[in-house]
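After this come two complexes, each holding chain A, first together with chain B and then together with chain C.
Our next item is the complex of A and B:
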């Protein structure tokens, strides 16, 4: 292999192979981040995009906006709520499909469907179900004599965020299921056999073998979900647009509104930088965790 | 005998639980499908009726007759194919480099490529907007293909690298000794050997572009508008045409559902290798 590498390196430096990819990343990732940081500390004059340095002014201004508290609260509810519901559904599904029964594969693929549907389609499906006057949900409630519970799900500030959260959990839980299922199938059968020989019952086997063996993958799934839900945009944008009255506006939608409705590029960039720092912290944790579990797997 | 009853109980519980999960997964999709097959006057019937009677394809016909809708389909397909082709061309070169060489900065580069996948998209739409505006590419196909590359290239590189890692390098070694250049080596040996994998990656990249929403929202114009944005703002003088909207949504889902269901094993492997093992 060493010899081979030398030969190839003499023929063509590896950097030539990587050049197109690196150029693209430089142009489309590194440069934009650099620009965002610059914008965040400048007043952006439109339409010329002339920059006037203003230091931390944008940060102070954006964080002292009165809706900031609601946006943070919504983001927290959205991220934590989505993770909890997705994880519970995903774990339940993984446990179910980890048992081999006839037709199990087919049932598993059916359960996977919500994840395969494009985000705009799942948004539209739920928009149609949650319609206040003619939607399936309210119609069914009325048909079963529960008309009192019929509700303007997306139009009521108290229920808008939670309604979208259910839709989000629907489209995201299959991913959690696949990851956990992959983890469960990687647990050695001998562990369970040894456990039952020692007289452990099903609950004990689950508590002392399944959960600890899954722990590394659970942590990774949780971190991935945190990042994913923090970044999620499509569903909220299509179902409520952050409304009514900002009642379902999360950080992503907030940045979008400040940037592309108010055209305050400086303010939006300041918020972006904050979001980016958060994402980098989460990614570093993820990096750390997945390296560790990779090593552990390698040691086995 | 006792063992058999316990088994039966266990299976019943599993089937019951699977049934509940599958119903939850399926009902929104089935309701959309049912809506797309109902005659117009049955769409708003209360209480809701699940089975369309009679079944009609009129909404699908409407979609095929709707010039705007056809244009959305065309735009989506064109942009997705182009970004897939470019990401494969660039991706194969880079994946081969990452797979066969050790060089300073290799791991850092690989991790930064992975990072782009989980990057908060809203953070870069403003600089992209400015850059595309300066290049006069805002709202053009070229501009959209360029931004879509950022969505599909990282995944392509990661998945392709994983597949190239698995093929033995001895054949390449022999070819080099015979005086084969690096590009004919790629073209004659590496690409043919990884062809099925490249096909899978191509399908995945196509679907990612096909589904992309935020970048399409910000960077497309009325002429280049792809399907997701068309469906998000599908409304006319009389309000939302739910029958047509559901038919178009079902049509739009077909490629993604087929590809993901067929290649779930492969994708799980790619995702968990990329994500878990590092």
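Our next item is the complex of A and C:
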């Protein structure tokens, strides 16, 4: 009896304090996901939002659309390409700023600016830069006699996606830079000293000391970037709108078009649920892998 | 030493707290100032109660109207004028940009926070009506002189025999040409009865690749209405159309229509008389600046273009009916969402506004009725010229799935422009998808 009362006395305040957070999670996370799953298996009648159960019809309809192949391919190219370019730029910047130089702080702040500019502003800025006839890029190329390299960046289906990718990388690499820089500054200098005393050159130091020490941060940043790039929307929408002819349409633009241009909420929800399942699978794989390696470490 | 540490910690904590309060205060201030609204005087609550009590207890009503951002100059004047008429009503006109206008309108209507009165493009109305989002006007317009209103905007707002919008804008599209560029190239100005082929010949003579282009088109899917403005007159000139007469079948892949698609896309792919970036162009955002800059010699436009050119006196320009005379009718109308809170007041305002004297005085765009065009600026020579083009304007099909069909059309046109598909293939695909949408 006494034990029971003690446990209750200990646990009740805990749950009471947790309650606001749990309610918030319930309304902002659980309910919308539940609603989306319901929509995905129903035909949504507007404006009353009446739901008529149709089973997997929405899924079949969406996945049998002609443009699905291109949309998936574009999304894959977009996510992998963005991550690779952002990591390259981020690493390069972080390595540079890891060394203390005069004016380094100012440079670091300047490098941070692309990330702080609101995405709509930077999208429109890049739209002007990449504009084919009077844009900054082509104009500069033509002014310096490199007119042959001037290209219809956003209007050519072969280059549209990659042009937006460059703009997106410019906008997003500072985040990667900051995370990696913070990680690098946590690596003890003694490790490097020990390494160079053993005769390691710069590349070996990087490969065997910097990367392994940064591994936890790299994994986190990688996961965050995957999610962020999967959801990328505003730059693509402003710069190409998914065009020309669907050449730069990614999954997020596709869901938007199905949901808000065609008002097929059932179909858009079906696609979203498919994405959710994919994300859950990826996370589970990651968890399994880290559990395995954790066990191995523990056993050692 | 310990004391100093404590003190600095306390000071730091105070500054941190003050810093946070300052940031929160700034954020609240910024969010309060960010509403783009035009309202009546801010102390309307106190001044309203007096006349309201005198008027026998009429409740002060706040009427919310959504219109396009191009009404920015006129909106305050309208609010002032209406306040004189109805001091007990606080009129709020909220201005939205064209990008995503329909998305915002439908989302708010579905979400239950629609405005009381919503200004809509004629080609957005079928989509809203199909979702049962708008109230009909028929019972309330019996006293209006129907013959005074232009046909095209009125027809565009009539779905299944019921009127769902009270037109306030009836644009006629004509071609604008840049006299400076014509003179430089030594080409004589276009004549009234010219054809699309004439237009092409003139464009070829003026075009200097990389520097000057004869004509401007739009193909960006961020503003599909613009693309239709550019493309549909060509379609109609060749005898083609989107749907058949009773809107039951797509005829976009008929031989005449395919000829039109070929002609329009070849302006870019074969003759190269349009700017390089046309695939991503919107008429207002991209072609207009080039026209003002003497880089594009011809483009379609309406009264908004006239007003723009009047603000740019350095440009020498002229107007002419479009090749083969066809133009896409531009119409906007006042609609009442089903979930509006003050429908009575909204109707009263709209009916007050469409009176010829009021509309003629305050419209930022071409009025929807003839008698409103007798006052400045609509009685100017240029504006009256637009009036003369009214009989040749055609509307786009007022079917519910039109917005979806638009996306398909623009998408396929882009594929032809980028030479991924042939005009026939694109037209067949358009027809296939449009027929599927018609069946829904």
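To be clear about the criterion, the second predicted complex is superposed on the first by the 252 of 300 C-alpha atoms of A that agree within 3 Å, B and C clash if a C-alpha of one lies under 4 Å from a C-alpha of the other, contacts with A are read in each partner's own complex, and residues count from 1 in each chain.
Basically, a residue touches a chain if its C-beta (ideal position, glycine included) is under 8 Å from a C-beta of that chain, and two chains touch if they have at least 3 such contacts.
This is a predicted model, so every value here is computed, not measured.
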| item | value |
| --- | --- |
| First, second, both or neither for A:31, with chain B first and chain C second | first |
| Partner chain(s) touched by A:134 [first = chain B, second = chain C, both, neither] | both |
| Partner chain(s) touched by A:287 [first = chain B, second = chain C, both, neither] | first |
| Touching partner for A:126 - first (chain B), second (chain C), both, neither | first |
| Contacts of A:71 with chain B and chain C, given as first, second, both or neither | neither |
| Contacts of A:62 with chain B and chain C, given as first, second, both or neither | neither |
| Partner chain in contact with A:242 - chain B first, chain C second, else both or neither | second |
| Chain A: partner with more touched residues, chain B or chain C | B |
| Partner chain in contact with A:260 - chain B first, chain C second, else both or neither | both |
| Chain B and chain C footprints on chain A, overlapping residues | 49, 134, 142, 237-238, 260 |
| Contacting residues of chain B [partner chain A, same complex] | 10-11, 14-15, 17-18, 21-22, 24-26, 28-29, 31-32, 35, 43-44, 46-48, 89-91, 93-94, 96-98, 100-103, 109, 111-113, 115-116, 118-128, 130-131, 133, 146-147, 149-150, 153, 157, 169, 172-173, 176-177, 181-182, 210-211, 213-214, 217-218, 227-228, 231-232, 242, 245-246, 249-250, 252-253, 256-257, 259-261, 264, 268, 271-272, 275-278 |
| Touching residues on chain A, where the partner in the complex is chain C | 46-47, 49, 131-135, 142, 147, 152, 154-157, 237-238, 240-247, 257, 260-263 |
| Residues on chain A engaged by chain B in the complex (per definition of touch) | 1, 4-5, 7-9, 11-12, 14-15, 17-18, 20-22, 24-25, 28-29, 31-33, 35-36, 39, 49, 89, 92-93, 96-97, 99, 101, 104, 107, 109-126, 128-129, 134, 136, 139-140, 142-143, 170, 174, 178-179, 182, 217, 220, 224, 227-228, 230-231, 233-234, 237-238, 252, 255-256, 259-260, 265, 268-269, 272-273, 275-276, 279, 283, 287, 290-291, 293-294, 297 |
| Chain A partner contacts - residues on chain C that touch it in the complex | 103, 106-107, 109-110, 127, 131-133, 210, 219-222, 275-280, 286, 289-290, 293, 295, 338-339, 403-404, 407, 411-412, 414-415, 417-418, 420-421 |
